[in-house]
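There are two complexes below, and they share chain A, which is joined by chain B in the first and by chain C in the second.
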Partner chain A sequence: MSATLIGQSLLSGLMSGCLYALLGLGLTLTWKYLRIINLAHFALIFLAAYLTYEMSTRGWHPFLSALLLLPVFFMLGAAQQVLMSRYKVDEFASVIVTFGVTIIIESLIQYVWSADFIRVEKRLARGSLELGPWLAPWDQLIMCGFSIIACLLVWVVLKHTWHGKALRAQLDNPSIAAAFGVPNRKLSLALAGMGSAFAALGGVFIALLFTLTPSQIYSWFGVILATVLLGGLGSTFGALAAGMVIGVGESLTMALTAPAWAPIVPFTLLILILILWPERL
Partner chain B sequence: MAARTRSNSAGRATPLLALGACALALLPLFHPPLFFESFLYLIFFWITLATSWTILGGFSGYVSFGHGAFYGIGVYAMANLGKPLTFGPALLLAGLLAAATGVAIGAVTFRIRRLRGELFALLTLSLAIIISTIVLNTPIDGGPGVMVNIAIPHVYEQQSSTLYLIGLCVAFGSIMVARAVQLGTLGRGLFAISDDEDVAEILGVPTFAYKLIAIGISSFLAGVMGGVHAIFVSYVTVGETFSISVPLYVLLMSILGGARHWLGPALGAIVITTISYSFVGGDSALIARAAIGLTLIVATIFLPQGIIGLLLRARITAPELPAPHASFAAAPKTPPYEPTDGPLLEAREITMSFRGLRALDGVSLTINKGEILGLVGPNGSGKSTLINVVTGFYKPTGGVLLHCGHDITGMSGHERARLGLARTFQIPRPFARQTVLDNIMVPALFGARHESRGDARDRAMEAIEFVGLQDRCDALPDELNLHQRKFLELARVLASGSRLVMLDEVLAGLTPREISEAIEMVRKIHACGTTILFVEHNMRAVLELSDRLIVLNQGHLVANGNPREVIADPVVVAAYLGADHAEN
Partner chain C sequence: MLKIDRLCVNHGLASALTGVSIEVNRNELVAVIGPNGAGKTTLVNAIARILPVHAGDIFFEGEHVTNLSPLELGARGVALIPEGRRLFTTMTVEENLDIGCYRTLARTHRAASLDHVYDMFPVLRERRKQIAGTLSGGQQQMVAIARALMSRPRLLLIDEPCLGLAPIIVSQVFEVIAMIRDSGVAILLIEQNAVKALKIAQRGYILDCGNIVAQGSPAELEAQGEIKAAYLGAH
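Let's turn to the complex of A and B:
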C-alpha cells in the first residue's frame, strides 16, 4: 500500500464527502425544522439531473440550467409542503407519502428517458489539479466549492438572521412563536422550497459527475441518510464532516479491499455509533 | 377505528378463513391451469410478507424498510443450506437466522428513547444494503447467483403443487400468528407502544422486550417465506432478492389493507398482487408502478385504517356497549402490603441534572403507607421531575430510591409499575387510537396486579364505573372533554391496582365544580387503601386533602410537616412570593 494511493483515497474521499453533504443538505433541514422526512428529495435530485441532461443536449451550459432549475424546484418543494401541511402529514406518514412521490417521479423519469444509462457530454472543466502525486479533477473541485459555500450560507442564515432564529423558535414551540409574530407558514414553505432547490443543485452535479439511470435514485438513500444522521439533524457542518468521514472510509475500503465492499462503510459507522454513543444521535 | 372494533371483528372471520384455506389446499387435486397455481402462490407469498411486517410495523408503529433483508436472509439460507440440511431443517434455520438478525438490529435501535421510529426505519433500510453487500461479496452468492435444486416433501404429484400447498400453509399460519398476537396480551402492549410508548412503559408494558419479540416473530416468518421462495424461483440473485421493491410492496399492502388489524395486510396483498399481475410488461408495468406510488400517498392520507377499516365501519352501525358490570364494586381492592415496617417509598439524596441544570439537588423524602402526601412548589421547582424519577422515566444522576426497603434505583419503568407505582399526567396522555375501555385495559393487564385477560376486563370496567365514565366506554379520547380525560387518567391508576399513586396536578384546568368532584374522587381512591402523592398548585385542595405537606423549591426540599404549619413557614412564603413577603 503506497502513500500515493492512500493519499489519493483520502483526497477523493473528502471530495465525495462534499457531494454527500450537498445532497443531504435539503434533507437535514426539512427533517429537523419541518419534521418531514422527505424521501422525495432523492427523486428530485434525479429529476434535476435528467433535466440538466435534457438541456445539455440542446446546448445549454449546466450553470444556465441550474439558474432555471433552482427557482422551479423551489416552487415544487413549496408546493409539496403546502399539501403536506394541508393534510397534516406527520413525521411518520411523511416517510411513506414521500416514498410514494419518489416512485411516481421515478416512473415518470423512466417513461420519458427510458431505463438506459445516459451521460452528459458537456464537462464543466477538463483535467485535474495536480497536488504533487495526487490529482483532484477540476469539476469535482467546483462541486466541492458549491457544497461548502451552500453549507456556509445555510449556517449563516440559521444562526445569524432573524429568519433563522424564527425558524428555531418555531421548532421549539410553533404556537408561541406564532404569537410573537413568526410567520410559521411562510417560513415552512420557504424552507421546503430551499430544500428542493438544494436538491436541484445537487442534481446538476450528479448529472455532471455520474452516468444516470432511474433506479439509481434508491442507491443514494443509504449513504445520504447516514450522512445526515451522523452529522446530526439540521447541522450543516455536521453533514459536511460526516460526509467526509464516510467518503474517506469508503475510498479507503475500496483501496484496501474491493470496490464492492464500499456500501457497507456508512452503515457500519452508523451502527457502531449507535452502539458506542447512543446519545450522539 | 380498528382498535375500537377489534373485539368484535375476530369472531366469524376465523372459521371462514380456515374453511377457505382447506378448500384451497385441495385445489391441486382438480388440476387447475398451471399459471393459476403460481398466481395463488404469489398471493400467499405477499400475504406472508405483508402480514409478518404488520406484526411489528403495523401493531407497534415501528415502520421497517428492511423487511426485504429478513426475507433475503431466508432465501439465501435455503439456497446454501438446503442441500446439506434437507428442506425442513433448512427452512427452520432460514427463519431463525432472519429472526436473530432482526432481534440484533432491534436490540441496537430500540435502546434509544428519543429517535425511535425514524431511526429504526432508516437502519432497517441500511440493513438490507449491508446484507446484500455481504452476500454479493462472499461465497454465499459471489455475484453470479445460486441455483436452488432441493428436494421438497412429496405431497402432490407436481412439485409446483406441493410448493403451492407449502405457501398456503405459511400464509395461513402467518395470519393466525398475527391474529393471536393482536388479540393477546402482546398485542395490547404493542398497540399501546404505537400510541404512546413512554406511557405504555410507565403503565407496566415491558416495551423493550415486547418490541424485540415482535421483530423476532416478524422476521422469522419473513425468513421462512424466503426459504420457500428460494425453491419457487429456483435461481436466486442478489439483485432480485434485495430489490427495493420487496419492502416497498410489503409496506403498501399493509397500509392499504389496514396495518392495525391482523387481516388487513392479507387483503392489501390480494388487491395489489392482482393489480400488478394484470399489468405486466412495457409501459403498463410502469403505469402500475406509478399507480402504486399514488395509492401509497392517497391511502396514507385518506385511509389511515385501510380497507379493513372501511369494511369494519360498514358492518358496525351502533357502537356495542359492554354489558354493565353485574355488581357495582365499591372499590377496586389494593393488594396487601408486604409485612415490612418503614415507609412505602424512600428517596435518599436524589439528584437529577440535565446538562448542568440541577432539577433535583439532594432531595430526601419518605412516603408512608396510607398517607396523602401533598407536594407543592413554584413552577420549575422539580415536582414533575421528582415524579419522573420515581416512575423510572428518568434515571437519577445520584441518590438511591427504596421501595419497601428494596433498592429500585436501577429498575425500569414497567418493573416499577408492577411493584405498584403509578402516576397521572398533568396534561392527560391517553392512547389516542384506543377506546376508553381499551385504554383502561392496559394498566389492568400490565399493572401491579397483571390480571388474566378476563379479570382485567372486569377490573377495567370497575375502574371506569368508579370514575363515572361507564357511558363513554367506546368513545375515543378525542371525544372526551378535559374533565373526562382527567378522570380517564384516574381510572388508569385505579385499574392498575397500584399502592402508590402520584397525582400530577389533576385539578389544573378544571372548573370549581369539577374540582370539588375531583377532590371527592381522590378521597375515594385514598379510602381504597391507596397511598397518594398529591402534587398541586391549588392550596385549598392541598390543605383539604393532605395528611402531610412537603415543599420543593429550585430542586431542594425546603419544608416538610403538618400542612398548616408548613404554609406559614417563612421559607415557603419566600419561595412562592419572594423574600419581601416572608419578612412581613
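Let's turn to the complex of A and C:
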C-alpha cells in the first residue's frame, strides 16, 4: 500500500464528504426544524440532475440551469410543505408519504428519460488540479467549494440572523414564539423551499459528476442518512465533518479491500449510530 | 384597556371557564387569585389567543380581538409571561430577548430595551451568552419577564411568576412587577400567593372552578369574611 494511494484515497474521501454534506443539507434542516424526514429530497436531487442533463443537451451551461432550477425547486419545496402542514403529516408519516413521492418522481423520470444510463458531456472545467502525485478533478473541487460555502451560509443565517433565531425559537416553543411575532408558517415554507433548492444544487453536481439512471436515487439513502445523523440533525458543519469521515472511510476501504466493500462503511455507521446513540434522532 | 365579557373556554369536552368577566384599566395592576385548577392559566392563555374561545368576547382598547391570532394580538401590545416560563431553552439569554423584540417596531428599540432590562436584571447582562435552559429558576423567570418587556407591551399577562421559586426570589419578583406597574404598563397578574399579590394590586378577582366568585379592591376582598377564610388565608 503506497503513500500515493493512501493520499489519493484521503483526498477523494474528503471530496466525497463535501458532496454528502451538500446532498444532506436540505434533509438535515427540514428534519430538525420541520420534523419532516423528507425522503423525496433524494428524488428531487435526481429530478434536478435530469433537468440539468436535459438543458445541457440544448446547450445550457450547468450554472445557467442551476440559476433556473434553484428558484423553481424552492417553490416546489414550499408547495410540498403547504401540503404537509395542511394534512398535519407528522415525523413518522412523513417517511412513508415522502417515500411515496420518491417513487412517483422516479417513475416520472423513467417515463421521460427512460432507465438507460445518460451522461452530461459538458464539464465546468476540464482536467484536474495536480497536488504532487495526487489529483483533484476541477469539477469536484468546484462542488466542494459550493458545499462548504452553502454550509457556512446556512450556519451564519441560523446563528446570527433574525430569521435564524426565529426558526430556533419556533422549534423550542412555537406558540410562545408566535406570540412575540415569529411568523411560524412563513418561516416553515421558506425553510422547506431552501431545503429543496439545496436538492437542486446537489442535483446539478450529481449530473456533472455521475452517470445517471433513475434507480440510483435509492443508492444515496444510506450514505446521506448516515451523514446527517452522524453530523447531528440541523448541524451543517457536523454534516461536513461526518461526510468527510464517511467519505474517507469509504475510499480507504476501497483502496485496502475491494470497491464492493465501500457501502459497508455508511451502513455500519448508520446501524451503530441508531444502536449506540439513539438520541441523535 | 382589556375587557373580558362572559368568556367560556373548554378543554375538549370539559369546560374550564364558564362566563368569566374581568376588566383591566390603563395603568392598573389587577390580580386574579384562585386555587390550583381554577382556570387561571386557561384564562390568560385564552386572552393571549393561544387557546380557542368557546363563547364570550375579548376587547382590547375598545376593539374586538377574540378572533385574532397570537401573532396579531401581540402586535397590538399584549405580551405574555407564561406559566412555567417557557423560555427558548436551547438559545442564549440574549437570543431569548431578541425574540422578545422580534417585531419590527420593537426591533428598532432593541438597544435601548436591552439596556433597560439589563439594568433591571444585572445578572442577565453577565449571563447574556449563557444558554437559557441552564439558568437557575429565578434567573429563568427574569429572562421570561425581560423577554416580555423587550416587546414594549402596553398590557402584560403574568401567569404565576413565582411558581417553584425560593422565598427570597419571590420577593424580588414582586418588587420587579411593582416597578413595571409604576412604569405605566397595565398588568393582569395571576397568583396563588394572594397576600403578596393583593399588596401590589389595585384590584383583585377571585377565580374558582371557572367562575369569578369575588372581586374588588384588596381592602374590599379582605373585608369579606368567607372569602378571606377560603382564598386569602393560606399565605
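One rule holds in what follows: the second predicted complex is superposed on the first by the 269 of 281 C-alpha atoms of A that agree within 3 Å, B and C clash if a C-alpha of one lies under 4 Å from a C-alpha of the other, contacts with A are read in each partner's own complex, and residues count from 1 in each chain.
Just so it is clear, a residue touches a chain if its C-beta (ideal position, glycine included) is under 8 Å from a C-beta of that chain, and two chains touch if they have at least 3 such contacts.
Please read these numbers as outputs of a predicted model, since none were measured by experiment.
In the model built by aligning both structures on chain A, chain B clashes with chain C. Once the two complexes are laid over each other on the shared chain, residue contacts for A:Ala178 go to chain C alone; chain B is not touched. Touched residues of chain A were counted for both chain B and chain C, and B has more of them. In the superposition on chain A, A:Lys165 contacts chain C only, with no contact to chain B. Of the two partner chains placed by the overlay, only chain B lies in contact with A:Ile37; chain C stays clear of it. Of the two partner chains, neither chain B nor chain C is touched by A:Phe237. Of the two partner chains, chain B is the only one touched by A:Gln110; chain C is not.
Looking at the shared chain after the overlay, A:Gly222 reaches chain B, while chain C stays out of its contact range. When the two complexes are overlaid on their common chain A, residue A:Trp155 makes contact with neither chain B nor chain C. Looking at the shared chain after the overlay, A:Trp138 reaches neither chain B nor chain C. Listed in rising order, the residues of chain A touching chain C in the complex are 162, 165-166, 168-169, 171-173, 175-183. Touching chain A in their complex are the following residues of chain B: 61, 63, 108-109, 111-112, 114-115, 117-119, 121-123, 125-127, 129-130, 133-134, 136-137, 244, 248, 251, 255, 283, 286-287, 289-290, 292-297, 300-301. Partner chain A is touched in their complex by these residues of chain C: 48-50, 69-71, 73-75, 79-80, 82, 86-91, 95-96, 98-100, 102-103, 106-107, 147, 151. Interface of chain A with chain B (complex): residues 37, 87, 89, 91-93, 95-97, 99-104, 106-108, 110-111, 218, 221-222, 225-226, 229, 258, 260-261, 263-264, 266-268, 270-271, 274-275, 278-279, 281.
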